[in-house]
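You will see chain A twice below: alongside chain B first, and alongside chain C after that.
Our next item is the complex of A and B:
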């Protein structure tokens, strides 16, 4: 375990004010750089002496990465926009209530004031074996301590595992997938990712949760208008209602034609190392009314392929029920 | 200064081995490239091509096409090649920074296919191929080695004529045996730590420090294969060695190539094996076919 008697290791702090400067500084720092925004994920790592970057690039002063802007085709949200702002912004609340609800469910008011949307989607996993600095696969080692026969893995994944069984902890991530949001990533070149493709699993790269590599900076999140004013459903199950990461969460958007589901996007989180879009369930419910039969079928289909660890089989039932309830939300 | 191994602290604060350093992978890539360029330059400077001797006439009875590799042997070779390349790509390309989705799954499936092909090869080579021609370490092996070294060191020394398997081929084969068996033995233990249909996943089957040693051996074998496969492909594509590549494709070599590179007294192809198209004479094969007379 980390020795807590010493000081946080020293680092060089740089505070760029433009995206271009930040990208240049990140490029210079390479693997030894660390991007600091709200600092809520960062400070845990630093205080535990597990991450010891040589250079910390504080992007908090980059104004162009802040705020919510109305665009013709949707809204553009700066990655530095606080979760409180996302949760309370008038247009986001009225047209994209799914995202504002998800942001509202993150942690506590204090954390939402400090935490950013960009940080919430790009934060690292909360697996305590990994966060304790043990040399697991995700940390570059040879073992997953969380999947050992006697491991404490109540909060770990039930699908999508590949050596690592950690889960993605973000609340806004499934909402952004359900809204078909686009993530703008800046390195020397600008790239646009569908939110669904922004998150990666350990089978792709076990040391990362997203497509972003050292030198990449998430600058904006664009939420297209296509799903605006749809029927939304968000539910997060956690151990403590006041403040906790989700055990399982579901975010769903439905476009209705009368009582019929015309189109749907459904994503869950807390069940895999990445937020999972349930496209099979979406295809199942399209063109159907949300009858009890369809609700049950959606729940059962959602959990196809899940496999519990020693202590988390409850998540399978929870995921099935949350998906069922999401579909039930648009029942006549 | 490159690092040889990756180390870390286990949960009890003990310093343990994690595996080979990825510096070694890059070192192997660079070393392979340097070797290939150096060999090409050395070969040109020696003027082998210019001094190619007129091949001796083939003994009477040597067929136009001398059967060298049976269809079964060729199927094994190309299956193993596909497995090896898949294993190398899935092992090292992600480390180099290019994403291969589900590379672990592809890697272990290729590993299982490799194990199956190696088991097949062992049975086939013992029963139906010239097993001792490849695997014997008798006096002729060392004589061939000395002659080969002399040929490499001295431009005046002629290329020694070999039995069915020349000295350098046998050495390469032995290196592949060592690397393959090391990779397979350690790979099977590593498979027990991931999700496969074969084992109940158990990350604690061996201790962290033992796992580190297993990963390190697996990594060393993998890095060794970068060198082995790079040199193998290089020699297979060289104009002067391309007959070897074609023999592995078609199964036979032309009579003049046989006369140029092989000693008829050690690889007799005038008997039934040539006529019947059989490529070997293992312990279970028909005793009447021509057996190589290596150390008999």
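Our next item is the complex of A and C:
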């Protein structure tokens, strides 16, 4: 079959207005269905004619999945809430600035206006071999082109590989892990996942980036108050100032008692097929002041076990330095 | 008193339509019964089409027809055809399908079964020079019109030098020139700097892909084209279709950029007319971003070695430059220009250049804004700083010392230039930048941030001569200026008419610019490229205005009495000893007089292509038409000195550009705001070359990955400097009546140079000697880690 791109194949469009209807429609469509929210990940797949669902379930009209609500013990963010809304919402900004900063770092204003929080955490990897439609492990084949001896893998992983060496591209994912957010998934059974467990690596299932299987719908993200008003640090290093995925990013939350780190949650992204919570680093810094020694130890501990591919050794020091800086941010 | 027009900001004539969305680009046009066309692109970097089974495609509802390589001209040698049965890069068009809708086109193309024979391919030109390596063509990797194909390789001994990090010494360079005494130049040098430098290839990526709509009516072609030029593109299309140019109604009022990739149009613009002729229906060929990545052209990358010698006082005494160029499948001339620009920018007096343009199986190369010059200025400026460091010399002083004056002849033939105020540009830029104080910030550390100061000098061609101007003063009293140049957003169509209008004493609201539609008449014009139009068409329009002025005065003298030379023009009137007339009255009188006054008689020296354009206006008013006979000797070059300040984070390799200052020698400034936009826009484009834009291939399979805007990473507005300023030397070029030169090109090299030097400055004078200078490369260098890529690796990222 000859190659053709940039032309979306026809599909049946259904536009449910309730979660219940959406879940029913997804069930009916089975493997031939595709959930459409902001469309930023979706449209690339469709334009490249690599993903060709028979039915597209546009959940954009489900009001209950939209908006930010104060709840007992935290805030509930509808999965359809735009990244701009997440970035600018007053309470999110004032109490969970880590998340608003991460959302603010996504792509461009236009993409943040259109893109949703649910889409940002559910998006597929940007490995260019996989996105180009090559028959790799993740696409159901039996080879990883990105780890081949001559492959271009500057942006691929330094840890967590299991046949696939792609990375998770989400900016908000590490922030949600650091905030211990809960992901609400409906299918039709309602389930709650810790953000940390929501993202999965290829050793669990090489064809998916999250726990969600066909028929599952991410409806809300709940951010508990526990980490509200903590000391936050977010940084994303990228090749250019906008419309770019991270090379490495770090998101950290620190609860301080004077100069002492009482508790910490730190996650990085861009280094593995899933956002990585650095629990060993968290334990290291807990009860410590953020001295230079602790900063350096945190950075070194973070990169233990990392292994570079041919072109991405730099990610190891970039990750080390970002973790150092995150800890440094709460230095006296 | 008429308003002053030259040197004054105004609203260019195309802006309102763009801002309000009224501007129509090629793909906005429609015609009754219009159908669509799409291309089937090669999935392999080099292959032979053994067979095409289109039987299933023909069953697709809406399918109309198919066009194969056999339906279009197939030029000899390494020349591009619109369609080919031996694709030489992934993405080269094999065939075109017409259907009732684009969806049907796509479905039909997917239903086509190709039988392809994979052929050896090469992506990296340096690899193609290794003994026994593959060639881009089955016939070889070199072609000459006289001798045909041959295979050119270096020896194992040459590559032993390459692999050891030294400049090889191949026995027979493909291109070679020298001037002065290179050995004496190096013998005179106190300091010699030597580096291997890589500059990446980079796709043009104009915002508007190269779409075309075309239909035929009674043998006449109506073509709506995305192109840089207008009259010259019409001629190009006529040549490609082998028809009389006057049988084309050519429309291109607005074009969303080209950067050199659509200069006289482009190869594939003639496919829609051919398909339309074949099927008898109007055809729209909308090119997508993905396709634009392949057929949209790219700047050729360089792998180079350079050695520069400097006297104790900082004077550059010798340059030995060697460039291996990625010429793509159809060639490029950047490397030659680069050698000339290196010579004229640093004035060594003694220089040797050896060039190795090598065909590769990567998308075709073409001039890209400052072709050759942008690469070499960005590449060599850090070496000037390296020499300054070793000589303990001020970085500005070494540049001023080596900057050319008009006395320096460029290149092997010592070509003289019409005007050179490069030293003045450097001095003006330094003042605007507050160089004396800013240079003290160099290397200053604030936490993990270190300040880098960048600077450089860049030059490029800025004009041409001998084109025609055409204008008419109609009975409504207005001046109608007919432009044959294109409109890709540079304001040339109106800027170049301003000096002519000023000569005729008109206010700007008394002037109408007619452009972008050949049915209005397009005189022989320069291409809209190479920063030519400001120079070429202020001259051509000025010549036509002089012709109009002569006729106005003559009519006034005939009508009112007295000597024609005693009449002057102002505010739409001509006045003199016998009284005054309005231009409206003059136009009516010109029509009554006929002859040369209303265009019945035309000058004999205008280009043949101007005649039909002028004939469209016979009897409509007073016709001013003339060839630019102002003459002149030497090359026309403009200059741009650049300064900048960055803050580089040593823990991430990321940097932010805080300040940019441009100072330019463009002769007379016609339109200040437009000039500033060219300085900034070009500089930011050049910064993209230096910092982020890339061109990446999988070397095993030969396919590109930086084929979307987000993966190719041209600079975004967030990468633009936080503070920008510009100024101009403002000394008119003495050889042109208006004194103006173009500016579009040199700003790109300047933007690249300001970052390559600033980054080098921030990291302690180390030249990383490749572009783009992405955070991985900078951080790996700072941390002493393995660099992400080999020193001479090309097409990586």
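Convention: the second predicted complex is superposed on the first by the 325 of 332 C-alpha atoms of A that agree within 3 Å, B and C clash if a C-alpha of one lies under 4 Å from a C-alpha of the other, contacts with A are read in each partner's own complex, and residues count from 1 in each chain.
Rule of thumb we're sticking to: a contact is a pair of C-beta atoms (placed from the backbone, for glycine too) under 8 Å apart; a residue touches a chain by one contact, two chains touch by 3 or more.
If you're wondering where the values come from, they're calculated on a predicted model, not measured in any experiment.
Novice: Under the stated touch criterion, which partner chain does A:161 make contact with: chain B (first), chain C (second), both, or neither?
Specialist: first
Novice: Taking the superposition as given, does A:267 touch the first partner, chain B, the second, chain C, both, or neither?
Specialist: So A:267 meets neither chain B nor chain C here.
Novice: Kindly classify A:317 by the partners it touches after superposition: chain B alone (first), chain C alone (second), both, or neither?
Specialist: second
Novice: Who does A:56 touch here: chain B (first), chain C (second), both, or neither?
Specialist: Neither chain B nor chain C is touched by A:56.
Novice: Touching A:244, do we find chain B (first), chain C (second), both, or neither?
Specialist: second
Novice: Looking at the overlay, does A:142 come into contact with chain B only (first), chain C only (second), both, or neither?
Specialist: A:142 sits against chain B, while chain C stays out of touch.
Novice: Considering only touches as defined above, state whether A:325 meets chain B (first), chain C (second), both or neither.
Specialist: After superposition on chain A, A:325 lies in contact with chain C alone.
Novice: As a test of reading the superposition: which chain, chain B or chain C, is in touch with more residues of chain A?
Specialist: C
Novice: Across the two complexes, find the residues of chain A that touch chain B and also touch chain C.
Specialist: In chain A, positions 132, 145, 148 sit in both the chain B and chain C interfaces.
Novice: Contact residues on chain A for chain C in the complex?
Specialist: Residues 1-7, 9-10, 47, 49, 108, 128-129, 132, 145, 148, 150-152, 154, 235, 237-244, 247, 311-318, 321-322, 324-325 of chain A touch chain C in their complex.
Novice: Applying the document's contact rule, which stretches of chain B touch chain A when the two form their complex?
Specialist: 6, 8-11, 16, 18-19, 94, 97, 99-105, 193-195, 201-204, 208, 211-212, 215
Novice: Name, in rising order, each residue of chain C that touches chain A in their complex.
Specialist: Checking each residue of chain C against chain A gives 38, 40-41, 43, 102-103, 105-106, 109-114, 288-291, 448, 651-654, 688, 691-692, 696-701, 703, 705, 709-711, 713, 715-719, 772, 774-777, 779-780, 783, 785-786, 788-789, 796-797.
Novice: So in the complex, which bits of chain A are touching chain B?
Specialist: 132, 134-135, 139-145, 147-149, 161-163, 200, 203-205, 213
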